[in-house]
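What follows is chain A paired twice: with chain B in the first complex and chain C in the second.
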Partner chain A sequence: MVSELRSTINSVKSRAFHSSCLITATALLSFMLFSGIVIDRSLNNGMKNMDRRLGADLMIVPKGAKEKAENLILEGQRGTFYFDGSVDDRIREVEGIKEVTAQCFLKSLSADCCSSEVELVFYDPETDFIVGPWIAENYSNSIGPDSVIVGSDIVCENGTIKLFGKEYKVLSSMAKTGTALDTSVYFPSDAMPAVLADAEAKSSFLTEEQKDGDILSSVFVNIEDGYDTSKVIEKCRQKVGDVDVVYLKQLNESLSDNLLKITDVLEFVLIAGTVLIFVILVLINSVIINDRKQEIALSRILGRSKKKICNALIKETGCISLFGSFIGCGLGALIVIPFGRYIGMKLDMPYLGPGAAASVIQLTVIMIIVFLISLFSSLFVVIKTTNIEPYLALKKEAE
Partner chain B sequence: MKNRLISSLIFILAGLFTILAPTVLFPVCESEMKMSCYYTKQAEIGVGLLIIALGIVSVLFSSSKVRLGISIAQFFNAILVLAFPLKLTGLCKMSEMACRAGTLPALIVISVLLLIAAGVNAGYLATAGKNDGK
Partner chain C sequence: MLISENISFRYRKNKKQTLSDLNVKTDDGDLTAVMGESGSGKSTFLAVMAGILKPDQGKVLFNGEDIYSLDDRKLSDIHLRHISYVPQSNIMLKHLTVIENIICAFKETEDEGTLKERALALMDKLGISELGEKFPYELSGGELKRASLVRAVLMSPDILIADEPTTGLDKVTGDRILNFLREYADGKRSVLVATHDEHIKDYADKIVTIERSLR
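Our next item is the complex of A and B:
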């Protein structure tokens, strides 16, 4: 077995130029497939995650904070925008409103536990329908004032997190979203006065609005069936003054359309690229096998069976495709995985990169696909050449 | 000669990209205040120049032992390229900032490629040296 492998590698090495052409082609194919599939899946995962995050019809934010609110939805990037703490109660009174829940964000406060800054989110567990279903995956009990729920990037020792000198019990860690939500800490809204007092005591910078304490950043609203959304919004504006409204469902639909366009283009490029490289592989293999006709004919004359020759050639193809796909996938992983957030930001789309296990599975699958493509690209030429009569092959070579 | 030229070219290109990544290709965060990433950029310019200088020196010397030494030095320079943003000088803390989203991935790619190139070249030169010794 080892000696067979060694002879295959020696055979590949002895035709350095041809082998490097094949390795380059398979590496290109693997790079393209790996990068394309990872980007495609990450965009789809990001979209699915966003679908689950948007559990409301509308998001009402203070006037002028619409762009920040959309950034929050797309990238999880929170801003500090506030209106007074009674807005949710006033909106609840409006006719046609089915559900209302409010959240308050405190941005960029350093946690004693973490090397990076964390963002604090206060939500009302009683009325919540945004964070709750998301947390319920890991945790189903109610949250107390001394306990928190943390994003997936926050690493806590012994199940606690220290914020402004006080330790909080971590009830659950949320699933990864690929956005800044992963570095957020979720508190029940009852805990807000105590947390703000602790923050002030520890000399953290707080704005006047934050010091006031009775504030909200956004109100999420679900509208009763049969009511006209624009009329309900008008009534809300009459009740609470001029506010900005983010239409979550519309935003979601428009993002889904964009995603569909991007993935369509990506899939077309992948298919076209694969066909093109397949043709190139067939051409290279034809040239190589043509050059080796004499060698194959001599092997036949010396008594090697067709099957053995076929096996040896297929092993060489396997060896080359394995090496090429390893280089291609490695390069793809090196570029696409670290640049995940950058790609998401440039496309203005939610992007959730694959985990380690998913990456390994994708790598294995792509290596198998590339091996099969390489095999098919050489199979026809190999069979055709090994079927030629040795005498004829040698005669043609002599001519 | 071929190995000398190819390896030196790779080193010079890696050095060039180490300088260009935080300054032109994926610039660090722009701010009036000097943040951590600003110092990382300055440090990377220094390391990049060092990598280029060693790459140029590598072309000038035909001795495989000197070039082996240079390759080993480049291997550690590659580690240094990544050590500045990750440990020594650091980057901004928010994950969506330009230095974390663009500069860091670019430096990861350059560092890993330089690490592989320097390691493979060092291995090749060491093996070639051994064979010559025989």
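Our next item is the complex of A and C:
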């Protein structure tokens, strides 16, 4: 087995130029498939993720904060925009409103726990229907002023997190979103005055609005069945003044259309690229096998059956495609995984990269696909060559 | 014993009849020389006899069985153990040493150590024992020819077919090869040689002459 493998590797190494061409082509194919599939899956995951994450019909934000609110939905990037703390109660009174919950964001405050800044979100556990469904692990105790829920990327020691010199018990963490929400800390809204006081005591810069404390950033609303959404929005505006409204279903539909267009282009590029590289592989294999006609003929003269020769050539193909796949997928992983969030931002789409297990499965599947493509690209020429009369191949007179 | 019965062959490329109705029999212990001018079809005939070029008509019988009627596995087994062919050109795998080239095709059937031992003994007989660890590009044409011969006889085949084994060699090396072939035939085996070398007449038991006019 070991000597067979050594012999296969030696044979591949002996044709350094041709093998390099094949390795480059398979690496290119693997890179393209890996990157393409990861981006495609991540966009779809991001979309599904966003869909599940936003269990509201409307998001009401202060006038002029619509773009920031959409950024929050797509990329999880929170902005500092506030209206007064009674908005949610007033909206609750509007006819046709089924449920209302409010959140307040404090953007980018440095914490003792983390090297980068974290964002603080205050939500009302009593009325919440946004944070709760997104919690990855259930917790038995209800959230109090000394406890928090953290985003999936926040690392805490011994189940606690230190913010502005004070330790908070981490009750649970959120499921991964692939957005800035993963570095947020969620407090119950009644903890807000104390947290702000601690922040001020620790010389964190707070705006006048933040110091005031009675503020909200956004109000999430679900509408009763049978009510016209635009009429309900109108009534909300009458009740609370001029506000911006993000109609989440509409946003979702528009993003789904975009996703469809992007994935269509991506799939076309992947299929066209794969066909092109397959043709290139066939050409390279034809050149290689043509050069090896004499060697193959000699093997047959010395008593190796066609089957054994095919097996040996398939092993070489396997060796080359394995090496090429490792390079291609490795390169793909190095480029696509760390820059996933940037890709999502450039495409204006929610993006949730695959986890480690999914990446390993993807890598394995792509290696199998690349091996099969390499195999099919060489099979025809291998079979054709082994069927040539050995003497004609020796004389290079094969027709 | 190898018998050709009414062998005819024409190359598809030039459409010319190369072999026509050839009947030749090689007996155990015989060295048969196939002679004829260039282009007469000697090499083609040897290839047909070796089972590496299917004739258009006729049969090649080995132990009473037409080798071209056998499936690939059985024909491969015949090439591995019974009928060996030395091509006119010295084909070796350039990434393997000479000794590895000689034994590589047979590693699956016999122990590597035994094969090496046998190869070295044969190389010694042909005066190339010190070349085992060299690579093919380091060898002269005569040395390569002898290495090819060692590879062909390593499994002691019943029939040895050599195409122009002395062409381009000096007289001493040529004689050494012819002596080796004679000795091989004397071991109750058949040797079939295509050559222009008139000197073969001193070694051969039988001369078959192929006329160019056959074409």
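Criterion: the second predicted complex is superposed on the first by the 388 of 399 C-alpha atoms of A that agree within 3 Å, B and C clash if a C-alpha of one lies under 4 Å from a C-alpha of the other, contacts with A are read in each partner's own complex, and residues count from 1 in each chain.
Note that in this section a residue touches a chain if its C-beta (ideal position, glycine included) is under 8 Å from a C-beta of that chain, and two chains touch if they have at least 3 such contacts.
Computed from a predicted model, the values in this text were never measured in an experiment.
Student: Which of the two partners, first being chain B and second being chain C, lies in contact with A:360: first, second, both, or neither?
Tutor: Neither chain B nor chain C is touched by A:360.
Student: For A:197 in the superposed arrangement: first (chain B), second (chain C), both or neither?
Tutor: So A:197 meets neither chain B nor chain C here.
Student: Is the number of chain A residues in contact higher for chain B or for chain C?
Tutor: Chain A has more residues touched by C than by the other partner.
Student: Which partner does A:287 reach: the first (chain B), the second (chain C), both, or neither?
Tutor: neither
Student: Touch test for A:271: chain B only (first), chain C only (second), both, or neither?
Tutor: It touches nothing on chain B or chain C.
Student: So, does A:342 touch the first partner chain B, the second partner chain C, both, or neither?
Tutor: Touch status of A:342: first partner only.
Student: Return first, second, both or neither, reflecting whether A:260 touches chain B, chain C, both chains, or no partner chain.
Tutor: After superposing on A, A:260 lies clear of both chain B and chain C.
Student: Touch check for A:334: first (chain B), second (chain C), both, or neither?
Tutor: First partner only.
Student: On the A-aligned overlay, A:279 touches which partner chain: chain B = first, chain C = second, or both, or neither?
Tutor: neither
Student: Quick check: in the complex, which residue numbers of chain B touch chain A?
Tutor: 26, 93-96, 100-102, 104-105, 108-109, 112-113
Student: Show me the residue ranges of chain A that touch chain B in the complex, using the header's touch definition.
Tutor: Interface residues on chain A, with respect to chain B: 75, 77, 108, 110, 115-117, 153, 180, 182-183, 334-335, 338-339, 341-342, 345.
Student: Would you tell me which residues of chain A are touching chain C in their complex?
Tutor: Residues 3, 7, 10-11, 13-14, 294-295, 297-308, 389-392, 394, 397, 399.
Student: Which chain C residues qualify as touching chain A in the complex?
Tutor: 11-13, 44, 47, 50, 52-54, 72-73, 76-81, 85, 87, 89, 91, 93-96, 104-108, 151, 155
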